[in-house]
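Dropping the structure in here first, questions after.
By letter and in written order, the chains are A, B, C, D and E; residue numbering begins at 1 in each of them.
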Amino acid sequence: MTRAMNVVPPRGGRILLAMLPFVLIAIIYVIGSAERRAANPDDKLLPPISEMAATTKRLAAEPDRRSGEYVLWVDTAASLRRLALGLGIAAAVGLAIGLTIGLLPVAGAGFGTLFAVLSMIPPMAVLPILFIVFGLGELSKVMLIIIGVTPTLIRDLSLEVSAMPREQLIKAQTLGASTWQVAIRVVLPQIMPRLLKCLRLMIGPAFLFLISAEAIASDVGLGYRIFLVRRYLSMDVILPYVVWITLLAFLLDLALVYIGRRAFPWAFVQEPR
Amino acid sequence: MSALSFRNVWVEYGNQVVLERINLEIASGTFLSVVGPSGAGKSTFLRLILGQERPAQGAVLLDGEPFPAEPGPDRGIVFQRYSVFPHLTVLGNVLIGYEFAERKFSARLFGSARREAIEKSRALIDAVGLGPHADKYPSALSGGMQQRLAIAQALAKQPRVLLLDEPFGALDPGTRAQMHALIKPLWRDLKMTIVMVTHDIKEAFGLATRLIALDKTRRDPQAPERYGANITYDLDLTRDSAVPVLGFLRAQVEAQQ
Amino acid sequence: SPTSPALAAKKKEFNIAWTIYVGWMPWPYAAEAGIVKKWADKYGITINVTQINDYVESINQYTAGKFDGVTVTNMDALTIPAAGGVDTTAVIMGDYSNGNDGVVLKKGKTLADIKGQKINLVELSVSHYLLARGLSTVKLDEKDIKTVNTSDADIVAAAKSPDTTAIVTWNPQLLEVKAEPGASLVFDSSKIPGEIQDLLVLNSETLKDNPEIAKALTGIWYETIALMKDSGEKGKAAREAMAKLSGTDLAGFETQLKTTHMYYAPKDGADFMTGAELPRIMDLVRSFCFEHNLLGENVKSKDAVGIQTPTSTLGSATNVKLRFDPSFMKLAADGKL
Amino acid sequence: MTRAMNVVPPRGGRILLAMLPFVLIAIIYVIGSAERRAANPDDKLLPPISEMAATTKRLAAEPDRRSGEYVLWVDTAASLRRLALGLGIAAAVGLAIGLTIGLLPVAGAGFGTLFAVLSMIPPMAVLPILFIVFGLGELSKVMLIIIGVTPTLIRDLSLEVSAMPREQLIKAQTLGASTWQVAIRVVLPQIMPRLLKCLRLMIGPAFLFLISAEAIASDVGLGYRIFLVRRYLSMDVILPYVVWITLLAFLLDLALVYIGRRAFPWAFVQEPR
Amino acid sequence: MSALSFRNVWVEYGNQVVLERINLEIASGTFLSVVGPSGAGKSTFLRLILGQERPAQGAVLLDGEPFPAEPGPDRGIVFQRYSVFPHLTVLGNVLIGYEFAERKFSARLFGSARREAIEKSRALIDAVGLGPHADKYPSALSGGMQQRLAIAQALAKQPRVLLLDEPFGALDPGTRAQMHALIKPLWRDLKMTIVMVTHDIKEAFGLATRLIALDKTRRDPQAPERYGANITYDLDLTRDSAVPVLGFLRAQVEAQQ
């Protein structure tokens, strides 16, 4: 008999298998919702899917009664802009500092501990200081993402750099490379796939920080809407928004995988098992 | 000029002595073969010259000067384990040496400078027999092909000292002969000093002008780590006299008869 | 679901949630001082008084059925549990905000100056209601300003930010915000007395099946606030304990208490509930809620959710979900508990 | 001249270098605090260090007048218990599921997508549901940590398992190992160092989730205390608490490094450069 | 019994044909040497037998039965690149084979069973000359020492089919002779079928009972990937007749003269 670890499902079966747990979750939800509705016809906690669909349609396809805006799209645009800015800046900063710390022992000694410590500070707890320094506008929301995500990126990337085979760095030096050249031609391209992987892992936390920032002070955005309607437990808005955020995050994840495979084919040559 | 001197060099890992009391003068332009049993410290010996390892005691000198304690373009290396850049194609792996030298800041060549460098690189790639694979990434090459790429890479820089750690071990005899035919004239023309670790006695004798054997001279069965390896044989192969059979080869010679 | 108290008939154990607010601090004090246990024992039941830090979460949990009762304002009682189909009865009219909620401007001296400014507040909360009521007094509309939803926990820090110019909030945050250099309080809840009420509500179903829980709670409440009112050492100790529990000191707590109109006497609370004011106020509140979609996005009229006061019923009589029941306060007033 | 990448500071210099940025930050704080105090003697945002020291002493060394408890220690004990439970369970679950998904292609097909999607759901947005499902006691606080941390662990560990050299898995099979034996003797020990590394990276997020959970429903804990005094902007309590949390997290991090080096010496043989 | 049959086997990577039309019968108990130029597909050939690679066309049969398409304890392997378990000591690496076999669930031995297994393991470790290093982790071993460890590991299971991919490439002649002396009697006594890839022609002829050469028979310089390698020579070394000089060796033979 074939070992379990050697059983590879065929392509079609794989898709079916991937769908299965989602279908199960949907069924459990529908049952739970129906039960609560039976007990209280106005229940707001687990609205039936039909009601969520109606709400979603209203938010996405009908202009808001008061502002005339298409709420879902306005929120999405605002949040994605903040997210892209935050993640983009975090990636650039994380890459630069992580590479420096990982490659230069002096920088590692000087800043390694600093960033290890900084990455442990809960950003939410020092929000008041952030507000004063960065104001209450867009900047502070983007900054919260950056502050939340960058230290982890720095740590992970610098660990990755210092785990690179020494042979490669030595080989590069015997080919005449200076520190700068090693950094940009040997180390940088090799940690790019890792950066993408890190960014994939950081999409979740980044959304978390974004939503928290939007919950604290904002007038538009996905997190703003969720926390606004939480005031009257409108789960028929919250749940579709959560699904939408998850979908956006998942698509972003897929996009990063795709970019990785296109831009760094060498890193994926042996990957499929 | 690229003469190497070892003055009473010791290398230790923790409490394990790997090399002890190494005293050696290698004249400029020597082709030195290093042989010895597995684990004797041959790779360690090369790492010393490379500047990757510092001696626990003693000093290694280049042309009488204390050694720059870091690798540089004057000393090329082919490692025992394939060590090419996984993120560059075969062509890119050879090209990068030229790019490092000519563009300090961007380390990238464009236009005619690039075309020239590509031409030189392609010639080397063809010489090691990887012509049809120039656009592949290392992960799609066989073990021997990666090793040949590493050789081409090291040769591109025409280093003064070339360090080879079992460079042809993974190659079939045909390809190996090709590599010999490639390296010998280069060594002669460029007046390189080559230090080559090999297990192939024919190769060691066939290519080199001098041969040293590294082995332990004393052993303590209870504490094998207390004694390190030393130079047990040192043969000048340029003299036209008969070469003595090396003691530690006897088992092998017998086995093959 | 089986955990829903709506289905529970006779029960022995009750869960009440409270959040930190000057008008609700008697609850934890009563629990700590043994007053809760004393009254629970008297009625042969168990009462768990649980602190929830996040106010909205406490109401949500009550609405979801995790609690039998919760401390809440009249407006939130309407928009969250009542609009969510959970029939809810207010049994204790604890106090109304008499200056505990306020509008503070960093630029400008009168409420009319607010025009065109960006205002930080907890949207759709009583702050929002207060703002709307204030705007109507100076002939302004919500269209004339811009609101920025700001979490109550972070509003003090937000107020320190240079780009914040107008804030609506409640105590204790209001005290901190007011103290900012150059800040002026331009409108507060003392201008709309009685409109922002702090209640203790119970699930109507549970109440119907277990009236003794309301009796016990009413007993606890009036015994505790009698202590709180006491001007002697005992009262001071009680107030000091309450101050501590809310994270401030005695002076800070007493400042907040000054702007809170407590109904120390059960009769006063009952009278307010039975008075003619309450229906008028609740009509104002439900109009505000309807205009801001707080009764539900699909609700077509402010009459959808019925509100029953002792004197009249507002909106749908067939869908009454929020009730004001003064009977237990009357029992307390009559000393019949 | 030596290349920058080859300059290794001596042991003593390394410690000095590591201290430097912290000293700088402290100096900047002292100056900023003094400036704000000069402008507004009642400023609460950046209290002078002396004031924070006094507050810390009161919280840590004097029993609370009412309850007789030493507030700081009671908070710390409660929070650390929740954190240890949450991280411990997350590690166990993450390890088991991550290993299964990484090793078995069928499990990977069936659950890989599910956990990729689950890891994207912002836990804060579904907090009401979590509280309903898990109650408001200790369980829900521990659960928030678990829910926040586990999906990331699962993803990272399963990626790590599928990146293991195929040769090793094949070698094990030629030595007669069953799937189960491969899992426990070959894969598990080799991903343990990675698990520790992941846990180190997750300490920050775990504290974040803990603090958020404690801010919503709790009556003791580090996050609760910060939340409680935040309304009064008592930075003289918040800042020492933040420093204390950071210190705790950093010590936890050091402990994990130490455990890793002791328990998995083979993984660190080549690490020091 | 452990006879292998290749029936019209093709292996392709993407659009590159690596092996084409391989037809081969390997009798049980054969010691087969595989030679061929670097990149010809020798490692791929071994992977086919291992069950790690599936043919694009054709079939590989074991004793006439279709192959279990996964590796198993009946087929041992020593990979070209060192592949020992980095998390186990030298002793642990050998021991684990016994532990897999004897404890289905825990895969760990205790008490006397463990002592017995340790004894057997130590004997093997001593046989490959790693006795004094039994408690080291692989990362502290030299390249050749790792390779010897891999050999000991594979021998511990006494597999019916043993696959060796340049097993002795990284070893010095002395150690190599020791390994030959170790493996030959084991092969005879256990009646294993051994398939060994090697670049050492002496070794190929000295150990094996049969030798095949893999190489491309047709080449298209414009599209080198269109044609795969095939069996160009198939020599029975047990007959006492003179062995023909292999065509593809001519270059090497010439170079060495």
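Basically, contacts are C-beta pairs under 8 Å (C-beta built on N, C-alpha and C of every residue); 3 or more make two chains touch, one makes a residue touch a chain.
Bear in mind that the values here come from a model prediction, so they are computed numbers and not experimental data.
Common neighbours of chain C and chain D under the contact definition above: A. Each chain gets a centre from the mean of its Cα atoms; the one farthest from the centre of chain E is C.
We define each chain's centre as the mean of its Cα atoms; on that basis chain A and chain C are separated by 38 Å. Note on chain placement: the centre of chain A and the centre of chain D lie 18 Å apart, centres being C-alpha means. The distance from the centre of chain B to the centre of chain E, with each centre set as the mean of the Cα atoms, comes to 27 Å. The centroid of the Cα atoms in chain B and the matching centroid in chain D are 46 Å apart. In chain D, the residues touching two or more other chains are 3, 45, 128, 132, 166, 173, 178, 230, 233, 270. Residues of chain B found to touch two or more other chains are 70, 81, 140. For chain C, the set of residues touching two or more other chains reads 60, 64, 154, 156-157, 160. By the contact rule set out at the top, the touching chain pairs are A-B, A-C, A-D, A-E, B-D, B-E, C-D, D-E. Per the touch definition, chain A reaches chain B in the complex via residues 165-168, 170-178, 180-181, 184-186, 189-190, 264-267, 269-270.
Residues 50, 52, 70-73, 75-77, 79, 81, 83-88, 96-97, 99-101, 104-108, 137-140, 153-154, 156-157, 159 of chain B are the ones touching chain A in the complex.
If you check the complex, the residues on chain C that touch chain D are 20, 50-54, 57, 60-61, 64, 66, 152-154, 156-157, 160, 172-173, 176, 179, 181, 241, 244, 247-248, 252. On the side of chain D, the complex with chain A involves touching residues 3-5, 7-9, 13-14, 17-18, 20-22, 45-46, 103-106, 109-114, 116-117, 119-126, 128-129, 132, 151-152, 155-156, 159, 162-163, 166, 169, 173, 178-179, 182, 197, 201, 203-205, 207-208, 211-212, 226, 230, 233, 235, 238, 241-242, 245-246, 249-250, 253, 270-271, 273. By the touch rule above, chain D contacts chain B in their complex via residues 2-3, 6.
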